[in-house]
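Heads up, the next two complexes both have subunit A, just with different partners, subunit B and then subunit C.
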Partner chain A sequence: MAKVTIDGRSIEVPDGTTILQAARMIGPEVAPPTMCFYSKLKTSGGYCRTCLVEVTKGSEKDPRPMPKLVASCRTTVMDGMEVGNNSSPKVKEARKGVVEFLLLNHPLDCPICDQAGECHLQDLSYEHGSSKTRTDFERRTYNKIDIGEKIQLHMTRCILCYRCVKVANQITDGRVHGVMNRGDHSEISTYVEQAIDNDFSGNVIDVCPVGALTDKTFRFKSRVWFTKPMLANRSCDKCCGKVNLWYKGEEVLRVTGRKDQWGEVEEFICNTCRFDKKNTSDWTIEGPTPVDRHSVISANHYEVLTKPSVIHLNDIKPLPLKEGNKI
Partner chain B sequence: MQLTNRSKVVTKPEMTFVESLYLPAIFSGLRITIKHLFKKKATLRYPEVTREFAPVYRGMHVLKRDEQGRENCTACGLCAVSCPAEAITMDAAERKAGEENLYREEKYAAKYEINMLRCIFCGLCEEACPKDAIYLTDRIVHSEYTRGEFVFGKDVLVEKVDQRIDISKRKKEYTI
Partner chain C sequence: MGKKLLLEHDHVPGIQGYDVYRKNGGYASVEKAIKTMSPEALVEEVKKSGLRGRGGAGFPTGMKWSFLAKPEGVPRYLVCNADESEPGTFKDRYLMSRIPHILVEGMIASSFALGVNKAFIYIRGEYYYIVNILEKAIEEAYANGWLGTNILGTGYNLDLYVQVGAGAYICGEETALLESLEGKRGNPRIKPPFPAIAGLYGCPTVVNNVETLASVVPVINMGGDAYAQIGIGKSTGTKLISASGHINKPGVYEIEMGITVEDFIYSDEYCGGILNGKKLKAVVAGGSSVPVLPADKILNLANGEKRLMSYESLSDGGFGGGTMLGSGGFIVMDETTSIVENLFTFARFYHHESCGQCSPCREGTAWMEKILHKIVDGHGTMADIDLLWEIQAKIEGNTICPLGDAAAWPVASAIRHFRSEFEEYVSNPSGVKKNKHYDSVHNNVNV
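Here is the complex of A and B:
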């Protein structure tokens, strides 16, 4: 066991836990944001540098601070380690720079992008970025690649987090897509424009933190905040069958996996559930999905409104008179 | 029964001789009437003459086109989500090949409706718009006979290519 202190809050975690996981155990106030790390995917993380933290005390035995900011998703904790995340001005400065780098080539076409409203990059830049860019160069563009009937790839929006590649490697059998070229020229693609048709390939939509991989059957149907998420399930022989249905009126526009508080799917769902079952009759509805009050998805939805309790005049009783409490 | 002390007993005294001629009262009344003839008129002859609007006046909306006549609106829905009266509804569609001269972006508003009876002309839609598409103008919403006619569609809201609506006074300068 190792004791680690993050932003002044301590926790005991097993050896081999990363700083990021320890921070998540403490709570969302101290957890660094992530763009590429995905706890359900092995070997993910280490690409985006969003989760940089400052280690002010290496460990109990060697209390020297680490010389540079470290990626918390790849650094394991040591006993007595002290970490600064939101409390460290260095981290804030670095994160601002990371957001600027991520947005260098991002087209910022949020008004057209179907991911807008549930986009992690949008949240990240809103929270940590600046509203200015300093680059004068043209943004990187790609030729459009059709990767199948169900999934839309917008390579210009990609931030190369490699999450979808990990999904292809670990969740689906027979990987058909990956990253071509290197460095700045890297590109998510399918081998010779081969369509993706694995049973679980649709999960690349859910893991994509930006709008690079989106649901083609939902393309331009509605903005996310005009749809209403409902928890639903069905007995499926391929996956758990627990999903979120996104309703607009009576119509199911989109089916996604259920996301936890870190924006990661709880369980991966199969393509049959995701793309083919779009009738209310296919599903057992459990009820509305709880949405954070500050999320744009809850805008103009008043389900979470707590009404003031109604007091009847008959219910009001006079306070019992005590000694020294005379009127 | 007397409820308050505010009532006054009206006394009607006898008129004096001068008062009974009525002429002083008539002339003082006429003086007021004639004085108004030389005053500046408070009203305008409306359809021919219009009053000057303040540059920030918020009247009927316009959906703008760019210099090449393409619609700016991409149906991003920010106006609708910012609208406190929930007056705006829209449906998006994908631009097809050959429509590049009609719509500026890949996505466009196939249907865009503002319910003018709901609208409170607060101007939040204009403020929310990331594409310079919607502006409130100094035009007045005309009257109609039925409620249904107040749901303005794209045919009313989008400016005509040959009759552009000038919004240069309202345009804010942003430096990003």
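Here is the complex of A and C:
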């Protein structure tokens, strides 16, 4: 067990835990934001650099601070480590820089993007970014390509988190897409325009933090905040069958995996569940999905209105005036 | 004349071939190492010698070797980093094409010290002609019993392979090199684990530069203590310097560490002064990624003493007032050179070579190049200079591998030391172009 202190709050975690996991165990207030790390995918993380933290004390044995900011998702804790996240001005400055870099070539076409409302980059830039851009250069653009029958790739929005590549490597058989080219010319693409044809390929949509990979059966159907997520399940022979159904009125607009507090799917689902089962009769409904009240999706839905209590005028008494207090 | 250890027999005709090399004392270190010394004693000897990595970082080689994990039943690997791609550096090319056997010899001795049975030379794609030279040398070494099974009858086996890269600067970073060697996309790995624990195919691996491995030969021949006598302080031994730019005698020089920078630039033994008797403006002392220093700062330290060619002296003054020995790519610029245009060239290079894995480097290098392009074209603003400064500060130290730092340092140092020149480009772009303060065609008008 190792004791680690993050932003002044301590926790004991098993050896081998990363700083990020430890921070998530403490709570969302100290957890660094992540764009590329995905706890369900091995070797993910380390690319986007949004989760950089400052290690002010290496460990009990070797108290020297680490010379550079480290990626918390890939750095394991040591006993006695002290980490600065939100409390460190260095981290805040670096994170602001990273957000600026990520948005540098991002089209910011949120008004026409299907991901808007559940986009991690939106949240990140709202929380850590600056309100205006300092670049006046043309942003890089790509043509949209269809990878597979049901998935569309819009590379212009991609932040190269590598999550979809890891999904294809680890969840599906025979990866046919990957990162091509180098530097800022890098792009996610399939080898010679091959189609991704695989039972679990749809999961690349769920892991994509931005709107680069979208569900073609859902594209432009509705804004997410006009849909109601419902927990539902069915017995599926390929996957767990536990999903979120997104309703608009009576109609199921799309099916996704269930996401946890950190925006990661709890269990990956198969393409049959995702694309082909869009009738309420296919599913057993469990009830409304709990939505974070800060999320735009919670707006207009499930709000439990507390009834205003009846106030009798006679019960209102003036507050006692203390001597010397003037109103 | 300074002492020469690596290029001692460079002038001997036919030194590329095995017979001449052997006659001139070649493979003596392997004989000495394998027959009379234990691997532990060899590592100890290299530690004593104070030999430091010649690829750029200057990490003590003996220490690196002692970090190598030695679990039972797991193979260990030695990889020679011959992916020399730093602009301004060409020493390994010279060494490998002139005296290929010294690298083979150094690798055999080092492999024995590390208990390695398979070693690789990862060479950059552009050096395709050296591949032939190296392969011929390796063939000769096999034929004469220095490689293969049961070397010198001691039961020690070693196989040596040459692997050609595909021309990516990033593959000079050791973990990207290992990825590439495994046949994958050359992306740097996230450390830890370091290669000494999990390197090539997940096995403990040592990655050393060509010159470092070649330097193991004199270390064994003369003994660690004697080697440590050469040089100054913690910068022991000799260093190959690739001198280029506005000097009378560009080329590869083997220097004893501790000669003054002034000596190196102006003496006839080395660079022979500035071309056409012009004045020295600036020097990039260790390959394009190290900070550029103006003439007064490169020749003298802050306390008035002469700056020396050594790891410590060159980095004296930190990043504000010093630079680094780096890989020894010594680029000299005379008074006609435009620092802004020079920086634009460097920035373009780093933009082109960024692997695109982590966001600060991928987006930042491209952004810096665009801004510099704008300034060079005469459309820059004063705010662009400040923006450039801020971008480099946000890249430095926040990336997976040192390429981000390498892209940021030249920008930082150029603005720090030559800000007025940037301002001139912004405030009077037509003047800069019309007056031809600076020759823009890379200054080889008179060459």
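Definition applied: the second predicted complex is superposed on the first by the 301 of 327 C-alpha atoms of A that agree within 3 Å, B and C clash if a C-alpha of one lies under 4 Å from a C-alpha of the other, contacts with A are read in each partner's own complex, and residues count from 1 in each chain.
In this text, a contact is a pair of C-beta atoms (placed from the backbone, for glycine too) under 8 Å apart; a residue touches a chain by one contact, two chains touch by 3 or more.
The structure presented is a predicted model; accordingly, all values stated were derived computationally and were not measured.
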Partner chain in contact with A:Val296 - subunit B first, subunit C second, else both or neither: first
First (subunit B), second (subunit C), both or neither touched by A:Leu102: second
Touching partner for A:Arg223 - first (subunit B), second (subunit C), both, neither: first
First (subunit B), second (subunit C), both or neither touched by A:His185: second
Touching partner for A:Cys110 - first (subunit B), second (subunit C), both, neither: first
Touching partner for A:Lys42 - first (subunit B), second (subunit C), both, neither: neither
Which superposed partner A:Lys132 touches (first subunit B, second subunit C, both, neither): first
Dominant contact partner of subunit A by residue count, subunit C or subunit B: C
Which of subunit B and subunit C A:Ala94 touches, first, second, both or neither: second
Footprint overlap on subunit A, where subunit B in one structure and subunit C in the other make contact: none
Footprint of subunit C on subunit A - complex, ascending: 45-49, 52, 67-69, 71, 74, 93-94, 97-98, 100-102, 104-105, 134-135, 137, 159-160, 162, 178-179, 181-186
Residues of subunit A touching subunit B in the complex: 109-112, 116, 131-133, 219-223, 225-226, 296, 299-300
Contacting residues of subunit B [partner subunit A, same complex]: 74-78, 80-81, 86, 92-94, 105-107, 130-131, 176
Of all residues in subunit C, those that touch subunit A in their complex: 168, 170, 185, 190, 351-360, 362-367, 370, 387, 390, 393-395, 397-400
